[in-house]
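What follows is a single structure, and I will ask about it in a moment.
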Amino acid sequence: MPEEKDTNPHPAWQEGAAEANAAYLRRRITIDPITRLEGHGKIDIFLDEAGQVERAYFQVPELRGFEKFVQGRPAEDMPQITSRICGVCPTAHHMAATKALDNLYRVEPPLVAKKIRELVYSTFMAEDHSLHFYFLGGPDFVLGPDAPAAERNVLGVIGKVGVETGKKVIAMRRRWRELIALVAGKAAHPVFGLPGGVAKRVTPETQKQFQEIADEGIEFAKFTLQLFEKVVLANTDYVNLILSDTYTHRTYYMGMVDKGNRVNFYDGALRVSTPEGKEWKKFPPEQYLENVAEHVEPWSYVKFCYLKPVGWKGFREGPDSGIYSVAPLARLNVSDGMATPLAQQAYEKFFSTLGGKPVHHTLANHWARLVELLYAAERVKELAADPQLTDPTVRVLPTETPREGVGVVEAPRGTLVHHYQTDEKGLIQKANLIVATQNNSARMAMSVEKAAKGLIKGADVPEGVLNRVEMAFRAYDPCHGCATHSLPGSMPLLIRVRDQNGKALAMLRRDFNGNVHRE
Amino acid sequence: MRNRQLSPPPVPRGAFEPRIVAFFCNWCTYLAADLAGTSRMKYAPNVRVVRLMCSGRVDPQFVLDAFAQGADGVLIGGCHPGDCHYQEGNYKTLRRYHLLKRVLREMGIEEDRFRLEWISAAEADRLRIAVNDMVEKVRALGPLDLTPKAEEIQEEVTV
Amino acid sequence: MPETRNSGNGSNGNGIRVGVYVCHCGTNIAGTIDVKAVSEYAAGVPGVVVSRDYKYMCSDPGQALIQQDVREYDLNRVVVASCSPLLHEPTFRRAIDRAGLNPFLLQMVNIREHDSWVHLDKQAATAKAKDLIRAAVRRVALHKPLQKRRVPINPNVLVVGGGIAGIHAALTLAEAGKHVYLVEREPTIGGHMAKFDKTFPTLDCAACILTPKMTTVGSHPRITLWTYSEVMKVSGYVGNYRVQVKRKPRYIIEDLCLGCQECITACVYKEGKTPDEFNLGLSKRKPVYLPFPQAVPQKVVIDPETCIEFKSRKCKKTCVEACGERQAIDFTQKETLEEIDVGAVVLATGFRSFDAARNAYYGYGRYRNVYTSLEVERLINAAGPTGGEIVLRDGKRPQAVGIVHCVGSRDANTNRWCSKVCCMYSLKLAHLIKERTGAEVYNFYIDMRTPGKGYEEFYDRLLDEGVHFVRGRVAEVSDWAARSSEEGKLIIRVEDTLAAFVRRIPVDMVVLSVGLEPQADAQAVRRMFNISCSSEGWFLERHPKLAPVSTFTEGVYIAGACQGPKDIPDSVAQAGAAAAEAMALIDSQFVELEPYTAFITEEECSGCKSCIPLCPYQAISFAEEKKRAAINEVLCKGCGTCVAACPSGSIHQNFFEDEEIFEEIEGVLAYA
Amino acid sequence: MSGKPKVAFYWCSSCGGCEETVVDLAEAILDVAAAVEIVFWPVALDFKRKDIEAMPDGSITATFLNGAIRTNEQEEMARLLRKKSALLLAFGACSHLGGIPGLANLFDRESILKTVYFESPSTVNPENVLPLTRYRDNGHKVTLPDFHNTVRTLDQVVDVDYYVPGCPPMPRILGAALKTLLSGDLPPKGAVLAPDYALCEECPRKDTKPGELSIAEFKRPQELLIDEQTCLLAQGLVCMGPATRAGCEAVCVQGNMPCTGCCGSTGRVQDQGAKILSCLASLVAGKEDAEIDHVLDTIPDPVGTFYRYGLPGSFLRRKRLNGVQAPK
C-alpha cells in the first residue's frame, strides 16, 4: 500500500525538504497569525485596548487531501482526477497534470499537440477571465463598491450595460466553453490530455468553428476593456480606491514568461521580480522546489507560500520577506510585454496609467485580467489560423520508464504546480500540488488585515466597509480549495467586533441579499 | 436506489463465531454438501449456504453485500474446471474471483476471508475440510466488523 | 394434533402471508435441532402468518397440513424447512399446487443434510436453522408465480456401448417399440462378455447366451447399429438431445459385405502378422479381418495401418478380386459424421481391466508365463488362439498354476475398491484349469467374496475339487530359485496369514486376476453427456439407492460396469432398469423444464453485447434492428452466468432474481 | 418575496463544477431565473444556518445539494436543509456517489494530514505544526471545522428525494430536472433523473463493438494510439460505459477517451464497481489462474478505476485500515 511504500526515497523530495528545513531554522520565527479565510468569508476582528484592530482572522476550512488519495492511482489518470480540485478552473489542473506527465514519461509531444493544448488553454483563460470580470469581480466597479449588494451581480451588470450586452456576455462564454468541449471532450473536467500529446485530432470543421469565433472573442475582449476604462478609469473615486494604500502591498511577484520574457499561460520559465521591479530570478519550472516553500499555521488548512531563498519572515511585505504574489497583476509585473499586438498596447497603457512597473495595487488585478483576456483572445485567433492545427499526428507514445515529473502552467489565478513521483508501473507514489491561490494566500492575508485596520475604527463599523474588505481578497479572485467562488454581494460576511477580552462589542452580518444586520 | 440498511450488531457479542456466507452451485458443491449430510460427516456450523444453479451466477455484488452486511467470510463452491454443468460457467466465476480478490485486498479485506473451492458432487470430504479450514482461518483473523465500522461513521458526525 | 401451531405476527404489510413448516424427519432433524424453538422463532419473522413443526412434512398428513393452512389462513407463500430441495422440492411444489398456489411460491430450507446431520452442537444447529428460515421467509416474499415449460419428447433413444448391458438395454427398448441407435466403438458388439468362455457360477457358455442377443440386435428393424463409431458431441436437453456420431471408415461397404470372409483368405498376407486385439495379442490377424467368428455385424474390417494398399498403393488387391462383383471393398472410404436426435440416452460404456504391468512385482510382461485373467479366458475359449488348449507359451501344459486375486483392487497403491467379480471369475478359472489340465491350482486371496445366488456354493464345490486356497496378498512373483525344486519355475512368495508363515510356492503359470477400472476416456464421456463421476471415476448415479440408473442430467441413464464393477446378472438387470426409465420418460411424451431461464427487458438493455460471448448455448443473440440483446428461452439452460455479468443489471433470471438473492444473503446475516 | 417556487443550491465537499453547470445553463439561466426564485447560491454556513432555521420547515421547494459530506459543518447543513426543503436533490457525482474526493476513503484522516502538512517536499514544517480544530491564539479562540475520517454520500446522511448524476451534471440533465420539478408531475422517490440504461445505448461507437469479445490484455491510454471510431473496450481500454448510466451523450468517448463512470450505475445495480468488474472479468481470456492473473495485471488500479466516483456509495464504503494487508 502507498502509505507503507517508502522503500526507495526519491532524491529530489528528500533534498527539497532538507534544504527547506535548514533554511527555516536559520531565520527568526515570528508566528503572528492575522487573517482567516473560509470558503464563505468569516472575519473575526479583535480590538486592542485602544480600540484599534489588533487582529483579524480569515481562514480556509476545506481539505480534501488530493495529494494523499492520488497515491496508487495510475499517473495518466491525474489530469482527470486533479481537475476535480476545481470545477471553475479544471482546465488549468488538467493542463498542469498533462504537462507533468510529459515530464514524467520524458516524452516530447508533437508540435501540433502543443498548439492544440494552448488553443484550448487560451480559450479557457478567456472564458474564465470574462467569467470573473462579469460574474465576480467586475460588478464591484461596474456598479460601484457601495451599490446595494442585491444588484452587485451578473444580473446587475446586465442591468447596467443593457440586456443585449448581458446576453452577449453569456453567449460569448457559452461559445467559448462549447469550443473547449469540441476538443477536450468536456468543458468542465476535460479528458484530452495524455502524456506525449492529446487524445483527439482537430478536424477541419472544428478549426473552422474556432476561426469563426476568434474575431468575436477579440471584439468582446476589446469591448470589455473599453467598458472597464469607461466605468472605472473615468471615475476618479475608483482610481483613487485602486491607488489607495489600503490596497497596496510591496511584495515579490511570480509568473510564467516565454523566451522573449512575454506573458505566457501554457509554457515557459518562471520569472520572479523584486518589489523594486527588478528580475530577482528566472528558473525552469522543474526547479520550483529550490525557490518556493510553503509555511504551515495551526489555525488554517491553507498553506502559505514564500520564496525559499528569501525565507519566511511572517506576514510582512518588502524585499526581505519571502512573500510573493501571482495572478494577472503579477504576470504583467514580471513580464516585459505581451506576445500579441493589441494586448501589448493594452499592456503599455496599463503601466503608463498606473505609474510604471511594478504596480503594487491589488485592485489593479481587475485591469490586468482584462489585458490578459485580450491576449488570450488574440492567441486563440493566431492558433486557430495555424494550418498545421489539423495534423492528425497528435500523439507520441511514451517509451521511458516513469519516475518523476513536474508540470507548471499559469492558471487564471496564478502559477499552478503539479509534481508527481511514480513507481516503474507509473502508479503515483507521491504528489505535490501548489494551487494558484496558495501562492497568494500570505499576501491576501495581509490585504484583509490592512483593509480591516484601515477601515475599521472601534465598534462603530460603517456598512460600506464590509464590501471594501471583501474587495481586498476578491481582487485575487481567490479559489481556496478551488471552490470559493461566490457571487459578489451574496458573499455573506460576518464581522464580530470584540474587545481585548474577546467580549463581543458588536456584530454585523450581511445576508445573501446584501442587507446588513446589526446584532 | 435500494435502501441499504445496516444490521444492528449481534447481541450479546460474546466469544467470536465467524459468520460465513457460502454460494454453492446446484450441481456440484451443493450436492457435495448433501452427500456430507447423508454420510453424516461433521463440520463447523458457521456456514450459511445460498443455493444458485451455477457458480457463474455469483454476482460480485453478492459477495460485497455479504461482507457489508456482516459476514466475516465468503465461500464460493463450484464444479471443477471442465466439469461445469453449464460447460463454462465456473471459468467466468474463476476470472471474477481473481479480480474481486484484488479489489478486496485493496479494500483491506484479508485473502482468507474470500475463498473459491471446486468441489464435485462426490467430494463431501473435500467440502468438510474446506469449511472447517476456512472457519478456523477466519476465526484466527477475528471479526471483519464492517457493519460496526459503518456505524462508527454515523457516530463520528452526529454531534 | 401431533404438531404445534404458532400463529405468526401476520402479514408484513405488503400483503405477503407466509406459512412456515419445520419438519422433524423423525429424529433426523428433531434429534439435533430444537424444532419447536425454530418454529416459534419463525412465527415471529415479519410476514409469517402461521408456523408449524411436524414429524414428517413429506408424509400425506404433512402435506395435507400445508394445504389446509393455505386455504384456512389464505397463505400466498410457503417455506418448508426439511431435507434437501433436490429430494422433496417437487413433492412440496405439487402439494401447494394442489392447494391452488403457484408451485414456485415455495422456498425450501435444507436443515437436514446441511444442518442436523452435519452438526453436533444443538444450539449452533438450531441457530443455523433459524438463520436459514429467516432468509427463506425474506426471499420467498419476492417469489413470483412461474410456469414450467412443456416440451415434446423425441421418442428415439441412444445407447452408447455394445457390451452386454448396452445390448440388453437396446433390445428391451426396441422390443417396446422405440427406435434405438446403438453406438459401439469397436468393429463388433459383444464387449468383454464375448471374450469369456464360461460364466460363473452356472458355467454356461458365454457365447451361447450372448450371440443370439447380438444377432437379434444386428437384425432388429428398430435398432440402428453403428459399430466402429464414437459419439463426438451432445447438445440439447432432456427429451431433445442432438448427438453427433463419428463413423470410422472400415473400408468395407457394410451393406454389400456378406461376411463370407473370402477376402481374408485371399489377402496377400498368407499369415496374420498383427497382434489380434480380440485375443489380446495371443494370436495374429491379417490387415483385413473379422474380430471373431460370431462378430456382429458380420462385416470385415480393413486396418489401414498394416494394409499394403494403404502403405504403398501397390498391393495386388487380391481381396478385391475375391470380393468380385459384390465390390464391398472401398479403399477410398472416409470417416463420416452422423447427426441424430434422441429423447433419452443410456450410457453402457463398460470398464477396462487393470493393467497388470503397473504392479511390477508380479512380473507381468517380464516373465512369459505370467498371464492376466482375461488372457486366460481367451486361452480357455474354444474359439481362442489355442482352440481351448491351456498351454504355456512354449506349448507345454502347466503342472502348477497360481491365481493371484485382487491385482489392482483393494490396493492403496492402485485402486482401493473391490472389483467385485474377481473372486468369482478366479474360482471359475481355477475350476476350468483344473478340469482341463489337472494341474495343481493355488488361489491367493485377501478375502473370498462370494455374495450372490449360487456363488458360495460354487466356492464350496471348488474346495471339494481340491483347489488350494492361500489367504494372503502375494508379495512377489520371481524366477529366482532358492532350491533345485524351484528351478525353471515361477516362485510365488506370500505370507499365509492363516498359517502365519511365509510360503514360497513354485508354479509354471501365474494368473493375475486383474480388477476393473473406469474406461480411460470416462471423464471425456461424462463431460460430453454432462454427468458426474465418483472420485474413482465411475459414472455417478442420481441417488445410490433410490435412483441407481438415473444421473443428475435428466434423460441420461447409466447401465452396467460404467457405473461401477458389476457382474453379468447385475449389468443386465441395470440395463433393463435404465431401459425402463428411458421408456417412462419417453412415454410421458412431454418434459417439463424448470422455468429458471434468463430474460432481458428490452428497454433496459443498452446493447453493450457483454453477454453475447458468455452463453455456451448461443441462447443470447444481438437483434441488429433493435440494437439490443435477446435471449432464446428454449435454448437457455438457466445457469445465470450472463445475469451476473450484465453490467447494467438488465438481464434477470426467474427464481434467482438479484433482489431475491440479496434478501437471502441479508436474511442469513440479519442478527436473530 | 415572490410566490415563485424557491430553489436553493448548496455545496458541501465539492469542486464547484456543479455550480458551473448552473452557469452553463447559459441563456436558459435567464428563463430559470424567471421561473423560480433562487434563494441561495451558494450560501455561508453560520449565517445561513441562523437564517434557514428561521424559515418554516419544507418551505424551500427544492434544494440542489452538491458535494459529499466530509465535515461536521456539512453534515449539520445537510440535516438542516433536509428539514427546510420539500425536496432534496443530490446534485452531481459527489453527493450522489461520493465522487472523486471519495477516493480519500482509501486512507484515513491522519495519513492525509501527514501527507499534506509533513511530507510535501515544498512544505517547511520542522516543528510538525498541524491545523487544529480548536486553537487558542493569545486569548483568541479560533476554530476549524472537524474533518472526518470518511467521506459519505448525501443519502448516507439524510433522506434524499432525487439524484442528478454526473461530474458535473450535463446542463441538459439539470435543465430537464428543473423542468420535471416545475411540471409538478414528480417521478417516484429515489429516482435518478436521467435515462435508466447504460451509456453504450447513446455511444456513437456502439456499432463497432464486436459481438464476441475476449480480452487478452487491457491497455492504458498512453500505450496505444486510440482509434477515433472503434469501441474503446474493443481497443482494450477499460471503458466504464457498459456499467454507467447514460445521459451525458458519451462526451468523454467523443473526446476519444474512455468513460470513467461519473453518472453511476443504472437503477437496477447497487454497486457499479462490482458490476463492471463482473462484466470485464467474464470477458477475460484464459482458464488457468496464471493466464487470468496475467491479463488482470494489466488493470493497475482496479479500485481507483471501478470506483473512481463511487467508493463512498459502494457496499464497502471505505478501506478497512486495521485489516492485514496481504502481500501483492
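Lettered A, B, C and D in written order, each chain numbered from 1.
Operating definition for what follows: a residue touches a chain if its C-beta (ideal position, glycine included) is under 8 Å from a C-beta of that chain, and two chains touch if they have at least 3 such contacts.
Not measured: the values here are computed from a predicted model.
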I'd like the most central chain, judged by C-alpha centroids against the all-protein C-alpha centroid. B
The larger set of C-beta contacts, choosing between A-D and C-D, lies at A-D
Nearest whole angstrom, what separates the Cα centre of chain C from the Cα centre of chain D? 57
Based only on mean CA positions, could you tell me how far chain A sits from chain D in angstrom? 25
Between chain B and chain D, the Cα-mean centres are separated in Å by 30
Taking the mean of the C-alpha atoms as each chain's centre, how many Å separate chain A from chain B? 52
Among the residues of chain B, which ones contact at least 2 other chains? 2, 59-61, 65, 92, 96, 106
Where chain D touches two or more other chains at once, the residues are 106, 269-270, 275, 278, 282, 325
Residues of chain C touching at least two other chains: 614, 641, 644-645, 658, 662
In graph terms, with chains as vertices and touches as edges, which category applies: line, ring, star, complete, or other? other
Which chain pairs here would you call touching? A-D, B-C, B-D, C-D
Considering the complex alone, what residue numbers of chain B touch chain D? 1-2, 4, 59-61, 63-65, 67-68, 81, 91-92, 94-96, 98-100, 102-103, 105-111, 141, 144, 146, 149-150, 153, 156-159
Going by the contact rule set out above, which residues of chain D touch chain C in the complex? 196-201, 206-207, 209-214, 241-243, 246, 265-266, 268-270, 275-276, 278-279, 282-283
Within the complex, which stretch of chain C touches chain D? 603-610, 612-614, 622, 627, 641, 644-650, 658, 662
For the complex, give me every residue of chain B touching chain C. 2, 7-11, 17, 19, 21, 26-28, 30-31, 33-34, 36-38, 40-43, 45, 48-54, 56-62, 65-66, 69-71, 82-83, 85-89, 92, 96, 120-123, 128
Help me check something: in the complex, which residues belonging to chain C touch chain B? 84-86, 110, 112-115, 117-121, 124-125, 127-128, 131-132, 135, 527, 530, 532-535, 540, 552-553, 596, 614, 616, 637-641, 643-645, 653, 656, 658, 661-662, 664-666, 668-671
